[in-house]
């Protein structure tokens, strides 16, 4: 059962093909890392897949009506906006909006989902703090918790771990892995190739709006691809502790 | 937050009673209320039912409209400086109302006055949303508001000066500062349908405004139809603020002060702030209208003077704070 | 001779008028000569009230122009007569080009205009508004002096006195009445409108409200005073918030209910003998009221 199915998805902005003919399928149990250099079109791909951008081609999510789509996938944008000084608990509860009608009080299920999300992101002691007064990393974790609380089969996140300290980077990726084990899936865009290699079950490499590679990390992060797409030379090895990758030097 | 609702409700009720019992006639509270309800006291009943009751009702209606519209605009634009008076919506509504009065539209069609005011307000809201929409900065918003207010005020003054009526030319003060003096029940019936419609539309925005806390993108992905939300804001604000301005003139700062004061009490949740601001706005205008009758009663002080005395310093304070955060 | 002493002793003035003398009056007749000269040949009036007084007292051909307000039947009691004269809008430029040898103005005519005309060498006589029925007589005498038509003025004053005396009647009861204008303004006994009301046999509720000279009377106070007659002004064309109050259910209830309503129209505005017509029609109204008072 596919959680996201893209077929020949293309986006044209200002006369340029920002995204050209992307086709991929994401099923349960996958943590898909979307990687690529700046301007490759990662954000565009995710927004077009969610139907937030006008696009040609087909996206299974974009074809859904807004309410159903909100229950099928949670979206965490790169711009981490929190407009009002709400408490962390209130912020995470916003993730339950697709499940609640307007003006309703949160149900038992809603409260339980929020608790799970807060626990997963280690925010239990923060719940009454004002979200806008937290540090950047703490705010990011709160917003991830919101996406987790939405309880959707698929989570789509744009740079969710940027700016987090190593412990929280790893634990966030692990929480994605956990929900994948539960039969759900995550599509996250990442710049850190090392974390992508360690925690993603599959990498999709975007270059110039097109899919340059799609497969397990070991198959995608080949020296040839690293040189061609990222212009770097790197160290990749599958160790006892799992895959390890480190970019070493710039080429050319 | 039912405790807050009860508190605000009690405040509004108390101020409503106060408004009913205060006036130049100098009659005791018990006697006036008896005359109002029982209707047997001749001239006093006339005073209570035809002068004090419409005045108190209008104060509550106008205040609720302004508070609610202010909270809705702030929630949508995600900017605590948004307010119907400041961004020119009330001024444009006043222009519509003045045109309706001077062209005789208001005299020939009972709903002509609020409809014209609604049209004016609609134009202003559309203009503001276009110029300084959800992605606009505070600066753009305020500049748009200055431009629209200035244009509306100038055109209102022009229309009044062109009137054959010698009193009209000096009426710009009423339209720009607002007053509830000597209103009648017909003003209430004229304003109520439009304000009620506006309230209904604006109250549907709660869920969407909550989601907008996370930004437009995330809100869209949460299943909020942003186009519908914007339409509810535009039509609801135009309807509520338009009708309120048509009968009372421009009363500024209510939609700024009330949401600002109540935001901490509702946990900053935009959906809760909507109804809280409606009640708070009613309380504020009722209180201001009472103050106008206690302070300098013989001078016919305008309502907008008092709301500006409270609101303008707060506005300056908010600008200062925004500037500090941005700079 | 160009001094202006408007407030002379009333009793003395009555005596002077009765004798046909003008002791105690000094009127600005600046210009070539003084009171012994020929009467001004080309007079322009730039005030509605001086328009009407001048039209009444001037010799044929003496008055050259009156204001455009004088032809407006809403505000002028002599609108038909005024149509025979060229109209002016009270602007110094227009007046100057008419080459008058005397200009008649009111106390509240724009000061710059009056000053400009004087600077241009044109004599201007300024008349105070009439604030009482006695003032009406005084203005007629002053106008007669300014125009050099003292005899015509004396005759007019005599007729005025006779008619005024005829209007006096003993009343068993003075019903209460209120004057109510735009913005809720009222006039008390110390005003021309108030004296008209009093002369017609009414008791002005403004006095009880402490507004002897006039001022804003709150609608509530009017309602509670429950006057038996309410006198308002007819609304102007166009719309104004100021006049909305005359349409308020309370005012309408007072006018259409137990109380009677009357309009203060063109006879009321200026201190001319036409005020007697106003007194007469108000007295008619009073006679229609129940003699015992409201139940």
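As written, the chains take the letters A, B and C, and residue 1 is the first residue of each chain.
Heads up, the rule we're going with is that a contact is a pair of C-beta atoms (placed from the backbone, for glycine too) under 8 Å apart; a residue touches a chain by one contact, two chains touch by 3 or more.
Just so it is clear, the model here is predicted, and its values are computed rather than measured.
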On a CA-centroid basis, which chain has its centre farthest from chain C's?
A
If you average all the Cα positions, which chain's own average lands nearest?
B
Centre distance in Å when chain A and chain C are each reduced to the mean of their C-alpha atoms
86
Just how far, in Å, is the C-alpha centre of chain C from the one of chain B?
44
Footprint of chain B on chain C - complex, ascending
182-184, 215-216, 218-221, 223-226, 236-245, 248-250, 253
Inside the complex, what are the residues of chain B that reach chain A?
78, 204, 206-207, 210-215, 217-218, 220-225, 263, 267-271
Which of the residues in chain A end up touching chain B in this complex?
47, 50, 52, 66-67, 69-71, 73-77, 79, 81-87, 90-91, 94-95, 97-98, 100-103, 143, 146, 150
In the complex, chain B residues that touch chain C:
23-25, 27, 42-44, 46-47, 50-52, 101-102, 104, 106-107, 163-168, 170-171, 174, 182, 184-186, 297-298, 300
